[in-house]
Structure formats: structure tokens, C-alpha cells
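Step one of this worksheet: look at the structure below.
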Amino acid sequence: MFLKKILAGFISLIFISSGVFSADLSNYTNANMDWKQFEGESVTVLLSKHPWQEQIEPLIPEFEELTGIDVKLKLLPENQYLTKVPADMEAGTFKFDVFMTQLYEAPKFCGEKWLADLEPLINDPSVTDPNWYKYNDFFAGARDVAVIGNTYLSHIAITAESQVLVYRKDILDELGISVPSTMDELLAAATKITESGKAYGITTRGGPAIWWPGLGYLASYGGEYLDSNLDIAINSPESIAGADFYVKLAQQAPPGVTNFDWDEINTAMLSGQAAMFLDSSVIYPRLQDASISEVVGKVGVAPFPTGPKGAKPNSHYWTVSMNEATENKKAAWLFLQWATSPDMQARLALAGILGPRTSSWEVDGLSEQLGDEFLDAAKKSLGGAVIPRVTPGFFERVDIFRAEMQEAILGNKDAESAMNATADAWSKL
Amino acid sequence: MKNKTYFPIILTIPVVIFLLALLIYPLIYTFTLAFYDEASDNFIPFSLNVFNNLIQEERFLKNVYHTIFLTFFSTSISFLLGIILAYCLDQIKIARSFFLVILISPLAIMPVVSALTWRTMFNPLYGILNSILKFFGFEGMEWVTDTSSALTWITVVDIWQWTPFCLLLIYAGLKTIPVDIKESASIDGINSFKELIYISLPILFNLLLITLIFRFMEAFKAFDSIMVITQGGPGNATETMVIRSYYTAFRWYKPEITSVIGIFILIFTILCTRWAGTKIGEQEN
Amino acid sequence: MKYLNINKIICYFILIISSIFFILPILWMFLQSFKNAKDTIAIPPKIFFSPTFSNYLKVLKNDYFWEATFDSVIVSLMSVSVALAIGIPFAYALARFNFRGKNEIAHFILSTKMLPGIVIAIPLVQTFNYINLLDTHIGVSIAHILLMLAVIVWVMRAFLQNLPIDLEEAALLDGASRLRIIWSVILPIARPGIVTVTALSFLFSWNDLFFGLTLGSFDVVPLPIYLTTEYIGYLAVNWGELSAAGLLSTFPIIIIVILLRDNLIRGLSLGAIKG
């Protein structure tokens, strides 16, 4: 609404003055294709709030300058995002061209043909320069995610994160604990720290997303949610051992762990209340930000500890996809290509968003920016990482797992009966 | 008197047209999704399969129990508190508008924002509530992170949020009672509390009933606060029917279950409010 | 006289205790809104800290905050005025006339309030898409009317029933038309009721998150959606600015409460007419 813009602009004129934008686009114009072929058109983009979004959002004017395409951007926090997208998709009114997707929903989104097949666009020389875009530069894991569930090429990875161990160097030194490299050492260290009263031993997600770190523990004990035939494996002895370990570890977390989500585990680390953290590597750059963190310079990073069956942290690739209903798929692809290009992912990596491309881990200046300790730990963890097998109804399954795990953490039942109850409920779906 | 028969119809038509235009398709859609069954042998292809499966599920019975627990305690406590506070406000002279503003202020805060605030206040580690308890020498509590107490505290948040609604309506009602009725009561030597019970509240019977109905329905539909504070956990301790229907609709892609729960809620609340609605209808004749 | 004093002391006591309960979260928001980012997540929580106004300044400097406020104001003004315009006449018809099917229609309106938005969200989005009202102020306003219509109709019906009928009969004998009676006789005496339902309706619209989220995208972003989008990040909540924005967005409500208070007092003197 035009009137609205004028009015809002007028009110805030009292406070604000804006800058003029200009950027160096030579890394993009050297691609062997015509960026300007859709000048004057527009692309609508829906993003969930995420560090990747925070970093790429200010760069979007560069894309507009490069292509002459007008980008209409809409942001939503994750919870509302996960409501809006399915609601509009089911109603058949989803009108965004490019949007962030989660690989776990691939069976539903691809099965319904809500997502566009990107393969023809990648292979179309009029809109893609293969030597510039370098699709094979993506990790093999990221390329698997793109076609996850044996469907079609629909999810382009934008981030690569896996569980790493973030710990407080000062507390571990003071108590004479060496950095845990196995699961048993981890539990012993966490217990010792909590008992010392200096901080809680560990902080971990016990709320809605408990399944995400949960898989890392299960896998390192040899367990998994579903086996390779997609049969239920959640109550195998290995899975139960992993779940049991997680339940024990959660006892060393701050009170209220069953309601801990991203915000809470971050707060516990940032404020110095917890000494260890075994979740996504995304947290690390934040801990070094003095405006929010009490622990700048006191944290170390190590790879995921080894369990009886190796170190198998869970990993996650956020992806972007294109709406099948998009009218000008080529223009939307230009945006998608720009956002996932090697140069863009290198720039984002320097801002702390580790990318799913080999090249984005070899950028000049990356080790000065993030430190070799962090890069090595992240690389090592990602190398051994697992990813959950996705089936339709993935979120319903992990919700049942969440409820049972919470009962176990609260001491209402033991890990074995919780996992048996989970398997029982899964078999009825 | 011909205009007398047409006149109420003219007043009614806009509302009816508006609601039919807006809701006819959603209602058909909901019922179709809930009961349509291609495999059925009936003349009209429908079946109660989804419904039957749902009511046999232990988890759904828990959902119903949580809903009833929350609805009953939240409705009754905030309704009674609303009457008491309205009466107190009516009695005092000094600082009346000060108290009125404070007491209805929860209504003004957006539910999402206040729910987020409650969530941090409840946090056992860094929440202000445990700090206050510890300051007075008590043990910290688990609040919403323990299966046994979570639903109680969710109910408290709901009471916090909606008591002002009751208070506002009842207080406005008390204000419409003519002053002379109260005066004659006090001349007759009836104290003000008895006057409330025996004179004011009966006059306001319809308004009270309506306040109760709407309070009841809002409690039944409570969503924002639960979704923000516990998402239905820990375990399934705060998962109500509405929370469940949210998950089935938007996360688990089982919209037929959402529709069945919606119809279940509709029928249940109609049954519950039918008596009250008819009672209000009778009053005017 | 002694009894009266004890009664009042008890009343004040109850009011003070309840006020603490009702104000506590708001007080906490108020404190948070003056803290810098580190203080908002400090452990243990800080009651004493050096206050900063930067949260308020950042919110006020934000273009999009004003746009969202504008959207919310437009949507709530449109929905409340239309809902009152169709709801009050119907409430009057229910309160004063007998006609076939009136109770059925009244019950139907009540039931619209019972159907949770979640259940009808998808077909409702389709309906709005069909009539081209997705992502428009009119579209969101229409959905908000659903939230408030039942309250307006049923509460006004009860208020109107309590009003004396003599005045209307007198006006009718004087030859005034029925519509004129509603306008110049009923509306003035029913003012406390109207003001109350107006305030409540305004709140229902102002605070609604769900319809704004599902029916709006670019052109309509009401405040609740904007606040949560802007201040809840992926990694953490920006407590300082969220609290500041949350408190700032209550200003329209506070204005309405002040208006309401004046009208309640006026309603009191009008109530005496009956005798």
C-alpha cells in the first residue's frame, strides 16, 4: 500500500537518515550468462528467521542491481513460518517463488509436487553457467539432501551444521578436567562440573527439538530411529543405550531442561550458567560477541565425543526451494543461483555461516576469522555426521519421541520403557 | 403494524448474509474432510472411521482431560475473581481508576508477547519467579517444566489473561444498575455485599451468563499461551485438543483429524452453552 | 458506619493483592525494556541496572514498526465499525422482537465463535483467495469481524434487555421511525454497553495473530506478527526491544481505556433516568 509507505516513512523521518548503496559485482558478472535478461520482473522470497537470512538479507540489493529484478522479501520466525507454509500450500494459495525448506518435509512437499524440479534449470545454459555455479562443489551429503527421499532435485543446501562440543576452558582447567573425547568422559565431566557448583555441566535441548541432538547420541551408540528398510529401530538395544545416556546427561543440565529450546540453551551458555554444550556449531560465533556474551574468549571447541560405535553427531542442512507454481521459474532460479553460488557461500562463511560447499571451507581468511580450532572441530564432526531417515509423518514420529524422552528425563519412566512406548506408538501410525 | 414484522428481519439480514458467505464453504470443507469416505457403502459416502479411531486413542483422551481441566478451573476462577474484583472496585472511591487500569492491563498486552514473558519468568534457571521465591527463602520450583505442575501454571496464565475480560464486562454491568436501587437497599439496612448477591447479580443475570459463556469458549480454545510456553509438553502434559489439532493440521499433515477435533469442539461447546443460550432467550419474554 | 470501613479495607486488600498478580509480568516487561542485551539474559535476573532508552529509540526509529501499526489501526477500525454496524441492530432485534428462527440464528452466531481458527484456516484462505481478498486490509478485517461479532451481538442483547422500554414506546407514540429510535434513543442510553463491546472488539482485532498470519503476506502485516517476526530471531529473543515494542503497542488500548472510563461515569448518571 502506497499511502502506508508514505505515512510510515514520514513518521520515521523524524528519526532516520538512509545511506546510498553501491557494490562490486565483478564476481557475478564474470559468469557466462545474461543476468539482466529478466530486468523489471520481480521475485517473491519467504525466509524463516535464521543466521543465514540475517547475513544474506543486506546483500539482496546487490542482486537487484545485478539483475534488475525486484525482490520482495518476507520474513517470519520459525514457528510461524512452519504454520504459514503448510497452510498456504494445502490451500493452494502459496505465492512465494523462493523459500526455505527443511529436508524432513521432503516426502510431503515433493509427493504433492509443491516444489519445482531444479534440474532442468541447472542444465539450461541460458540461465546457468555450469563452470561458474559448480554444482559438484557441493558436499556429497548436500547433494544427497537435494534429492532426498529418492525424489527429484528440489532442495539446494544453504548451511551445513553439525553437533560440536563447545566448552568453557576456564572451568575445565580449574577443575582439572581434560576435554572429553568419549561419551563416558563427557558424562563424568558434566557430573563433576555440576557437583562443583561452578556451573551446570551441560546444556542441551529437552524441548520440542529434542530429537535433533538425540539422534547424535543414539547413532554414537549404534542406534537409529529407522533402519535402512525404514523399519522401526528406536527400541533396539543400541538405541535404548543411546537414549539412556542422553537421559543421564540431561540430569546434569540446568533445571527446566524439558522446556529448553534454542533460546534457552543459548542463554545458558551466553550467561555462563552452563559449562558445556553439545549442539549445533551455529552458536560459536555468537559466544564471541561481546555485546551479548559473558564468556568471550573463555570457550573452546572440540569434535563430537566418541561413543561405543564411533562419533556420529547429527547434522542439518537448511535448504532453499522453488515453488512449483512460480510463473517465471528462470527469474526465480537466478535468485536461487545467486544465493547459493560459490562466491556468496564464501562470503557467508566469512560471516560465520558455514556453507555446504567444499570451496566455502577453503576461503582465504576463514581461519583468521573463525579460528582453526573451530574449523577443525566443525569439519571433523561434519565428516562423521549422520542425518535422520525421512519418511512421511517425520514430525509426528519425533513428537512422540519427544514426549517419551521428556517423561524419562523427568524420571517418570526409564529409557527402555520410553523407547518401547515410542516404538509402539510409531507402529500404529 | 406491518412494519413491525418486517423490521427485525431487516436488522437480521446483514449478519446472516455475512456469516453464510464467509463460513459456508469452510463448514462444508470441514465436514467433508472429517466424514467423507470413498470406500463407504452408504448412499452418501461417509463414515465415522476417523472419529472412532480418535476416541479410542489414549492420547486423545488425555487431550480431552487437559482441555476440560483447563477450561473448568480457568473459567470458574476467573469468573468468580471477576465478580469479586468488580464488586471491590464498585465499593471504593479512592484510586478506583488506578486499580481499574492495573487490573485490566493484561488484556492490553498482545497474548504472544505476554506468553513469551511468562515463559522466561517461569524458567527455573533464570526466571524472575524463582528469584523472588529464593529471595524470600523458599525453594525454587519447576513451574511448567514438570509434568505434574505444568497444566496448573498454564491455567494460571490463562486466568491472568482473561480475568480482566470478566471484570470489564461485570463492572460495566454493575454501573448500569440505577443508583436508586442501591440507595433504597442501603436505607433498608441491607449491607452492600448482600445487596450484590441478592439484588445486583440477579439483575445482571443475562450479562453474567454471557460473560461465562464467552469466558468458557476462550478457555476451551486457548492456544497462543500454550503454544508459546510449553508447545504441549513436557510429555503431553499440556496438550489440549486445540494444540493437538494444530499439530495435525500444520505439522503432521493429517487435516482430517483436525476437522474431527473441530467438529467435536463445536458439538461439545454447543451442548454446554445451549442451556445458557435458551435461558437468555426466555428471560426477555 | 464501622462495618463500612471494614468492608472497604477488605476491598482494598483484595485489590492490592490481585493488582500485584496482574501487574507482575507487565512490570517485568517494563524492566526488560530498559535493559541492554546482556542484562536481559543475566542470571540471576537483574532488578537493578543502569537503564537505557536505546530499545525504545530503536523501535521508534523503525519504519516497519510504524507500517505495522498503521496496518493494525486500519484493520481494527474497519472491522470494529462494520461489526458494530451489523451487530448492534441485530442485537436490538433479538432483544425487542419475536420472530421465527431468531434463537436459531443467535445460536449459530454463538457457534461461529467456538470453531477454532486453526480448524477453518485452510478453507478460509481458499475462500479469500477466490474473492481476491488475500493480503488486503479488507480481507483481514472481515476475518476479524468473525472474532468479535458473537461478543457484540450477545453482550449488547443482554445490555439492551436491561434497558427500560418506556422511552422507546413514548418515542414511537410521538411518531418517530424505528430506525430513528435506535439512533437517537437506544444508542445514547446503551452507551456503557457499546463502549465496553467496542473496547473488547478492538482488543480481539488488535491482538489477533492467527488470521493476520494466514491471510496477510506483504501488504498487511499487523503488529502481533511484526513484533514476533522482528524481535524473535532464530537463536534468541531480543527481549529489550520486544518488551519495548510490546509496551508501545498498548498505547491505543490505553487511550481506549481512558475513553471507556469517562463513558462509564456518564453511563452512571444516565442510569438514574429509569427511576
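Every chain is named by a letter (A, B and C) in the order it is written, and numbering of its residues begins at 1.
The criterion applied here is as follows: contacts are C-beta pairs under 8 Å (C-beta built on N, C-alpha and C of every residue); 3 or more make two chains touch, one makes a residue touch a chain.
Source: prediction; values computed, not measured.
Colleague: Taking chains as nodes and touches as edges, what kind of graph is this: line, ring, star, complete or other?
Modeller: Complete.
Colleague: Where are there more C-beta contacts: B-C or A-C?
Modeller: B-C is joined by more C-beta pairs in contact.
Colleague: If you average the CA atoms of subunit A and of subunit B, how many Å lie between those two points?
Modeller: Taking the mean C-alpha position of each chain, the two centres sit 38 Å apart.
Colleague: Report, in whole Å, the distance between the mean C-alpha point of subunit B and the mean C-alpha point of subunit C.
Modeller: So the centroids are 15 Å from each other.
Colleague: Approximately how many whole Å separate the CA-defined centres of subunit A and subunit C?
Modeller: 39
Colleague: At least two other chains touched by the same residue of subunit A: list those residues.
Modeller: Within subunit A, the residues that touch at least two other chains are 83, 87, 90, 267, 271, 273.
Colleague: Would you please write down the residue numbers of subunit B that are in contact with two or more other chains?
Modeller: 125-126, 246, 249-250, 255
Colleague: Which subunit C residues touch at least two other chains?
Modeller: Residue numbers touching two or more other chains: 41-43, 121-123, 126, 228, 232, 237.
Colleague: Where on subunit C is subunit A touching in the complex?
Modeller: 36-38, 41-43, 57, 60-64, 66-67, 70-71, 121-123, 125-126, 129, 134, 137, 213-214, 217-219, 225, 228-229, 232-237
Colleague: Residue numbers of subunit A touching subunit C in their complex, please.
Modeller: Per the touch definition, subunit A meets subunit C at residues 1, 4-5, 7-9, 11-12, 15-16, 44, 48-51, 53-54, 72, 74-78, 80, 83-84, 87-88, 90-93, 95-96, 262-263, 266-267, 270-273, 282-283, 286, 291-294.
Colleague: Spell out the residues on subunit B that touch subunit C in their complex, using ranges where they run on.
Modeller: 3-5, 7-9, 11-12, 14-16, 18-19, 22-23, 25-27, 29-30, 81, 84-85, 87-89, 91-92, 97, 99-114, 116-118, 120-121, 125-128, 131, 160, 163-165, 168-169, 171-173, 175-180, 191-193, 203-204, 206-207, 209-210, 213-214, 217, 220-221, 223-224, 242, 245-246, 249-250, 255, 258-259, 261-262, 265-266, 269-270, 273-274, 277-278, 280-281, 283-285
Colleague: Hey, which residues of subunit B end up touching subunit A in the complex?
Modeller: 119, 122-126, 140, 142-147, 227, 229-231, 233-236, 246-247, 249-255
Colleague: Can you list the residues on subunit A that touch subunit B in the complex?
Modeller: It is residues 79, 82-83, 86-87, 90, 108, 200, 206-208, 254-259, 264, 267-268, 271, 273, 392-393, 395-396, 399, 402-404, 406-407, 410, 412 of subunit A that touch subunit B.
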